[in-house]
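First the structure, in the form of C-alpha cells, and then the observations on it.
A, B, C, D and E are the chain letters, set down in written order, and residue numbers restart from 1 in every chain.
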C-alpha cells in the first residue's frame, strides 16, 4: 500500500547497482568521448567533438553502420520468424516435440568461441563440410544454376572471408545461434493462448491453418512478439562475440563485418583509444534508444488487450 | 632463508607451457630461493599488452611479462616497462652470454635496453614437395628464390591443376609481411615518426604483393583455413612464420614438408627480415630490491643459455641467443631441418617496428585493412593505394598532429 | 479463467490430434521440415563432436569420418618434455579428453563455472525480483522513471563499459577474485524486464489475498510471486546461466592473475596458439564438455519451462 | 432448423468415462436444454455435437446426414462458449463480424483495405447485420470497445451476439447467461426465447440454472454422471420426475424427501401420518416420499394429516418465507414455503404444524426410481399424481 | 467481534468517482450485507475496509481505533475474494494453512523441516483446524490437490475455507458463493449462517444475489453508484424500500412499477382504478406505484378494484408461474405470480383480471423517493404501509 515504504527496499538495491554498474560507467564513457584518453596515460586532452566528427566522416565508420544495419536487418526478422515457425511446428506435433526443442536450443547453449572455430572448419572453402557437400552436387542438374556452375568450376564461396558473403554468413550464424531462444519464448507464449479461442475460430468458420493463425495465434502472441523483437533487436545490435571470434582483427574482409560493438571493442580495448571507443558507444546508444522508442511507440499499444 | 616470489605472465599457453615446464626445474636448481608464480596466460600478444595496460591502471602488474616484439614500444612509452640497464650494468659478463646484437636492439629504446627477446621467429617458405613436383620442382635448390619466381611456379602449378597454389601470410599481425618486404629492400617502415611507405620502396612492396596475389590467384584465407589447406595438401607454397613449423608438422597429411629461405625481391634474397616473437620485460611495480633482483635473474635465465635453448627444443621459434643457437642446439637443428631455415636467416634479422604514439595500433589496423583490400581485389591501383594509405597512417602518427 | 478453460486446453490438444491423425501426410511434412532444420542446426555440433575424437592431422585434413581412425599419433608435448617418441604415442580420443581435463584443470574450471554462474543467478534473482515486483505491482512515485531507467540500461552493451568497470573493481582491489566475476552481473536489467512483464499478468487479488493472510510485502515476493513466476524464472535462468557459463569476454578481462579462477570457456584458451597453430582436438573436447552440463540442465528444465504453472487458483 | 440425432455416444477422457452411450433426438426447431450438476458431461456432449470433440463411439447426425467426419467449421452450427472465447484483440464489432466474414466473404473480399472497396455492398450488409444484433443485445454503444474493456455481463452478451449474428442450422449455447446479474438474466431469457420463436432454429442450451431450463425450453434433458436421466417437457420433469435424483436436482429449495413405509396393503405412512393414497403392495418396505416445499402449508393445529415440527430456521426472501422444521430424530428436516404475512408470528423454536398437502407427493422406491409411475409420459402425468 | 465504523469514505479512480462520502456503522457481531448492481462500488468499499485500498478521504475505525495507517496484514481481518485468489502452487491444505502459519507460528516454527519438529503440538492443532474446516465445507477429499485440479465451485469453497479457518475480528466476503450451483449454494448459505451464529464474529458480505442478502443478513446496505441508498434489516428493505431504485433492485421478479396520479385530494389513481389509500396532497401529480408480483392475485372477473390485462407470456418455474400481462398502451407490463394449478387454464392472449392486492402498494414520487414514508424506520414500518 501507499503507506508502506516497502518499494524503497525493493527498488533501492537494483537502482543502486544499476547506477553504479551500468549508468556510471556509461557516464564516464560519455565524458571520455570528448577526450583523447588512452589507457595508461596520465591525463587526457579535451578534444571537443573531434571523435564524433570522425565517426561520421571516415569511410570505415560508414562501413560500420552498413555492417551493423545489415546484420540487424537480417537477423531480427529471420531469427524471430524462424523462432516462431519452429515453435508453431513443434507445438503442433504429436510426438518428438521435446527432441526438436532440445536440438534447436543447442546453439543457444554452446560456447561461441568453440562454435566459431567449428564453423570456420565447416565453412572452409575446400575441405569444409559445407562446400564439400555442395561439391557433391556438381555434375547434376544443379549446374544449370550459374552460381553453382561457377562454384564447381572454380571454388564455392569462401563464406567467411569473401567480402560479398561474409556479413551474410555471420548473420546466418547469428540466426543459427539466436532463434532457439526465441523459439522457447514463443513456445511459452503459445501455451498461454486459450484453446477455446481456436475452437471459437473453428466454429466461426476458420477452416485453414492460415485463418486460425491470423485470427488467433498471431494476435495472441502479440505481447510475446514485442518482447522477443525487443530483445532480439538489442542483442543483434550488441552482436560482438561471433565477429570477434571470426575476425579477431579488422572486422572481416574489407571491414564488411565491422559491426558497432566490434568497433567499440577494437577502439577502446584493442587499440586503446578510449575516446573514440566511447564516442562510438554514445552514438550506438543513441541509435538503439531511438529504434527502441520507435518500436515501442509503434507496437506497444496494439498488443495489450486488457 | 626468505623465499622471494615473483609473478610472471606469458602468452599462448598451448605453445609455451611446455617450454617453461622444462625451464623451471633448471632455474630452481640454480636459484632455490626464488619462486616463480605463473599468472594466467595471455590469449595472444594483443591480449598481453591490453592486460598489462589494464593492470598498470589497476595497480596489480606482474613482475616479468612476455610481450610481442612490436608491443614493447608502447609499454616503454607509457613508462610501464622498466629499463634493464641498471641490472645489465651490474652483470660482469653480460655480453658473453651471447645476445645477438640485432636481438638486443629489438628491445632497445632510447639507448636503453628494456626488453630481452625470448623467442624469435622469421618468415620462411613452407613447401609441399609432392605438389611442387607438379611444377617440376623436386629439390631444395629449385625452390623459388624471388617473388617473380614464385609467381612463375604458381602459373605452372595452376596449369597442373592445383587450384590454390600459394598462400602468403599477409594477415600475420597485419603488417609483419609488409615490413618483411620493406626490410627486404633494407628499408625500415617507420623512421622516427615517419611512415616510409610513400617512398619508392613502398610502391615496390605494394606492387610485389599485388602481382603475387594476382599471379597466384591467392584466396583470402583466414589463418586457420590457410593452415588447414596447407596441411591437407592443397597448397604447394606457404609463406609464413617459422613458429608454425611445429603445428604444421603435427597436423599435416601424408606429404614431404620442406622449409626454405624466404624469397627476396631480387636474386640473392632479402636484405633483411623483421623479427617476430616475444621478449621479456620487467614491469614490476615493486620497490623491493630483492624482488627486482629475482625478477632480473629469471628474465636473464630464460633469455640466455640453457634456458633459452629450450625455446627451440619445444617450439618453432629460435632462441634469441647466439650461444644457444650455435653451441647448444647444433645437433638439434641437424635433426630438425625445418626449424633450421630460420637460423640460417638469422643474419637478416631486423626490428619488427611499432608505430609510435597512442594511435600506433590504429595505424597497424589501417595497414591491415589496406593489405586485405589488395587480397580481396578491392584495390588494384597501387599508386593510389600508396598515397591513401600513407596519408591515413601518417595522420595517425604523432608528428602530424 | 475458469477450470473449464484449463481442461479445455487439454481437450483442444486432443481434438487437434484427431485432425492430425486425419492428415498424417501433413504431419510427415512437418517432420521433414523440422528434420532438415535440425540437420543444419546440428551440423556444427557434429563437427565439434567429431573433432573431439580425431587426431590433429585428421582434423586439419578433414578425414576420418565421424570418429576418426583412432590411429595412435605422437604427442609433441610429451616428446618435448624429453620423453622417447615411442612412449608418447597416444590414441586421439583418449588424448583429446585426457588433455582437456589434464592440461587445463577443467574440473576446477567447471567448478568455478558452477559457483560463479550459480552465484550470479542467485544474486540476480535476489535483486531483480523485488524490483520487478515493485515495478509491476506497487504504485509509487518515480516508478515510471525507474522503469525507463531499466529499459535504458537494457541497451547498454557490456563491452562499452568493461574498462570503467574493470578500473572500478581494481580500485576496490577485487580483480582476480570470484567477486570480480560476479559483481558486475549482480544487476540484470533483462531479468527485471522479463520478470516485470510476467508479474504484470499475476492478478492483483492474489497479492491482496496474501496481504490478508498476513504476509508482508517481502514474504509476498518469495512465497507468492516467485512460485507463480516459475516459467518466467526458468526462462530467465536459462538466459542467465547460458550467458554466464559461456561468457568469455569478462572473465578474460578480469582474471589476469590466477588460473585457478578460470571459468570453463577460458579453458579453451589453453589450446590456443593462434597463427602458430591451435590444438583443436582437446579444444573441441573441452567445448563438448562445457556444453554438456547445460544440455542436461535444459532437458531437466524444459518440461516445467514450457508448461509452467497456469494461474489456475483464480477465477 | 435441423434435426440432430445422437446415437449411442460415449466418451472417455483417459480412464474416466464422461458419457455413457447417450441417445438423444433433437427435433427441428425445438429448444432443448441440457441441465445437470457440474461435471456431469453437458459441455462435453455439446462439444461432440459441435464437432470440437470426437466421440469414442456413436454417431452424430444432422438432418439425417452423419457428420462424424465433418469438421466443426463445416457443420454450420453457432456456439456460445462457457468462457466467452472472444478475440481479445478485436473490437466487439469485429468479433461479431468474424463468423460473417469467414463464411460469407471470399478471401479476396476479406483483404484488409481492398476488401471493403471490392465488395462495398456486401460489407455494408454485414455491418448492418452486426448492428441489428447489437441493438437486440443492448450493446450498441460498446461496438468499438475491446473485450478487455467490458464487464463480465457485457462480454457474455457479445459472445451471444457473435453466435446470433449468423443463420446457422442450430445454436449451441453453453451457459450463456451465467455471468449476468438477476435483472439482466431475466431480460436475456426473454430475448432468447423471442429469438427462438422468431427464427425457429433449433437450440441446444446448456445450463445449471433451473429457472432458465424450466422457463425457456421446449424439452429438457436432465443429465447426471454421463447419463440422461430424463428427457421431457419442463413441467413434466418438475411434476413427474422419474428418478429421485431428478426430483432433487430440479426445484429450489430442494424437494423434501421423507422416509416412508409401505405396508402389505400398499398403504403409505410417513412422519407419523398415513396417506390416503396407496401404491402397489409390491413396493412393501421402505419408500421415499417427496414433498415440494410450496406444496406444504402451515396448519393452525395438530390433526391426523399434519406433520409436526420445530422451527429451526426461517429464511426470508421477501416474497416468500422458507421455514426449516426439524421433525423427529431420524426423519430429518422439512422445508415449507409460506407467505411472509402467514408466518410473521413464528419464531425459531416454536412448534409448527404442517397441514395436509396442497399439492402432490411423489414416491420413490429404494432404487431411486419413481414408484407407481412406470411408463410415465408427460401427457399421461395426471394419472400418476397422488394426492395425500 | 468488532465494530467497524466508516466515516465519510470517498474514493476515486482517476477521474471516476466510485464512492461518495460513505458512512457506515457495522455493529459487533452483525452480519452486514452489501448489495447492489455490478460496478456500484461494493468491492471497493470492502477493500478499503480491509486496508487493500486507500480511501481518498474518510476514516476507517475498527473497535474504535482508527486503522487508516494500519496495513492490511495487521488488521486481523479475513477476506474471501471474488476471484478466489488461491495460491496456485500450494495444495488446498497448504492454502488453508497459510494464514494460520503466518499468524500463529513464529518464524522458527515455520521452518520447512525443523518447524514441525520444533512445535509438533502446535502444528498438529493447526492441521486439525484445517481438517475441521474442510469437513464443514465438504472438501476433505481435495486437501492434497492443487487449485488447478479443482472445479470452480470447489475452488470457491477452498477460498472460503482459507478465511474460515482463522479467528479474525471480522470476516469480509466478496461474493463467496457466486460460482456454486443452486443446491450447493443453499447448503453453504446455511453453513455460513451457522458459522456466524457460532462464532458471533462480525461479517461483512458482498453479494448481488438477493436471496443470499435477504436470508443471511442482520442488516443489508443497498448500494448504487457509490452511495448507500438504504441500510436496514432485509425485511424492512423488501417491504419498505426508501427509494424506487431499491425497490426495483430487490425482489425477483422485479417489482411492478405503474404510473399513477395523485389528485388534489391526495387520492391515487392507477391503471384505471382508484385506490382507497390517500397520500398527502403535496404529492399532487405523477406518482409511481410499486406492486410486487406476489402481492397480486388473479381474479375471476372484472371489478372496480381489478386491473385488466392480456397474457403475453407465461413463465413456469415449476413451483410458481409468472404471468406477464400487457395492460394498456402507456402503462407497460405487469408480472403476476400465480401457483401453477391456479393458472393451468390460461393461455397466451387470454384476457386476465388481477384482483385487489393481497399485500401492500408502495408509492414513489417523481424524484424516486418514497411518498408518505418520510422518516420511515424498520420498526416504524407498519405505520407507513398502505393497503390499496
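What to note about this one:
In the analysis below, a residue touches a chain if its C-beta (ideal position, glycine included) is under 8 Å from a C-beta of that chain, and two chains touch if they have at least 3 such contacts.
Everything numeric in this text was worked out from a predicted model, so none of it was measured.
Among the other chains, B has the CA centre that is most remote from the centre of chain D.
Between B-C and A-C, more C-beta contact pairs join the chains of A-C.
Among the other chains, the CA centroid farthest from that of chain E is the one of B. If you average the CA atoms of chain A and of chain D, the two centres end up 57 Å from each other. Taking the mean of the C-alpha atoms as each chain's centre, chain D and chain E sit 25 Å apart. Per-chain CA centroids place chain A at a distance of 37 Å from chain B.
Looking at chain B, residues 44, 54, 57, 224, 228, 232 sit in touch with two or more other chains. Of all residues in chain C, those touching 2 or more other chains are 1-2, 4-5, 8, 11-12, 15, 59, 61-62, 163, 216, 278, 310, listed in ascending order.
Residue positions of chain A touching 2 or more other chains, listed in rising order: 2, 4, 39, 117, 121, 124, 127, 194, 196, 199, 269.
On the chain C side of its complex with chain E, the touching residues are 2-4, 6, 203, 205-206, 208-216, 219, 224, 227-228, 230, 309-315. Partner chain A is touched in their complex by these residues of chain C: 1, 5, 8-13, 15-17, 20, 27, 30-31, 33-34, 37-38, 40-45, 47-48, 51, 59, 61-62, 127-128, 130-131, 133-135, 138-140, 143, 146, 149-157, 159-165, 168, 183-184, 186-187, 189-190, 192, 194, 197, 216-218, 221, 231, 235, 238-239, 242, 246, 248-249, 264-265, 268, 278, 280, 283-284, 286-287, 290-291, 294-295, 298-299, 302-303, 305-308, 310. Listing the residues of chain B that touch chain A in their complex gives 44, 46, 50, 53-54, 56-57, 74, 78, 80, 163-164, 171, 173-174, 219-222, 224-225, 228-229, 232, 234, 358-359, 361-362, 365, 368-369, 372-373, 376, 378.
Remark: chain A residues 194, 196-197, 199-207, 211, 215-216, 219-220, 222, 302-303, 305-306 touch chain D in the complex. Of all residues in chain E, those touching chain D in their complex are 37-39, 151-153, 181-183, 186, 190, 193, 208-211, 214-215, 234-235, 238-239, 249-254, 292-294, 313, 315-320, 337, 339-341, 359.
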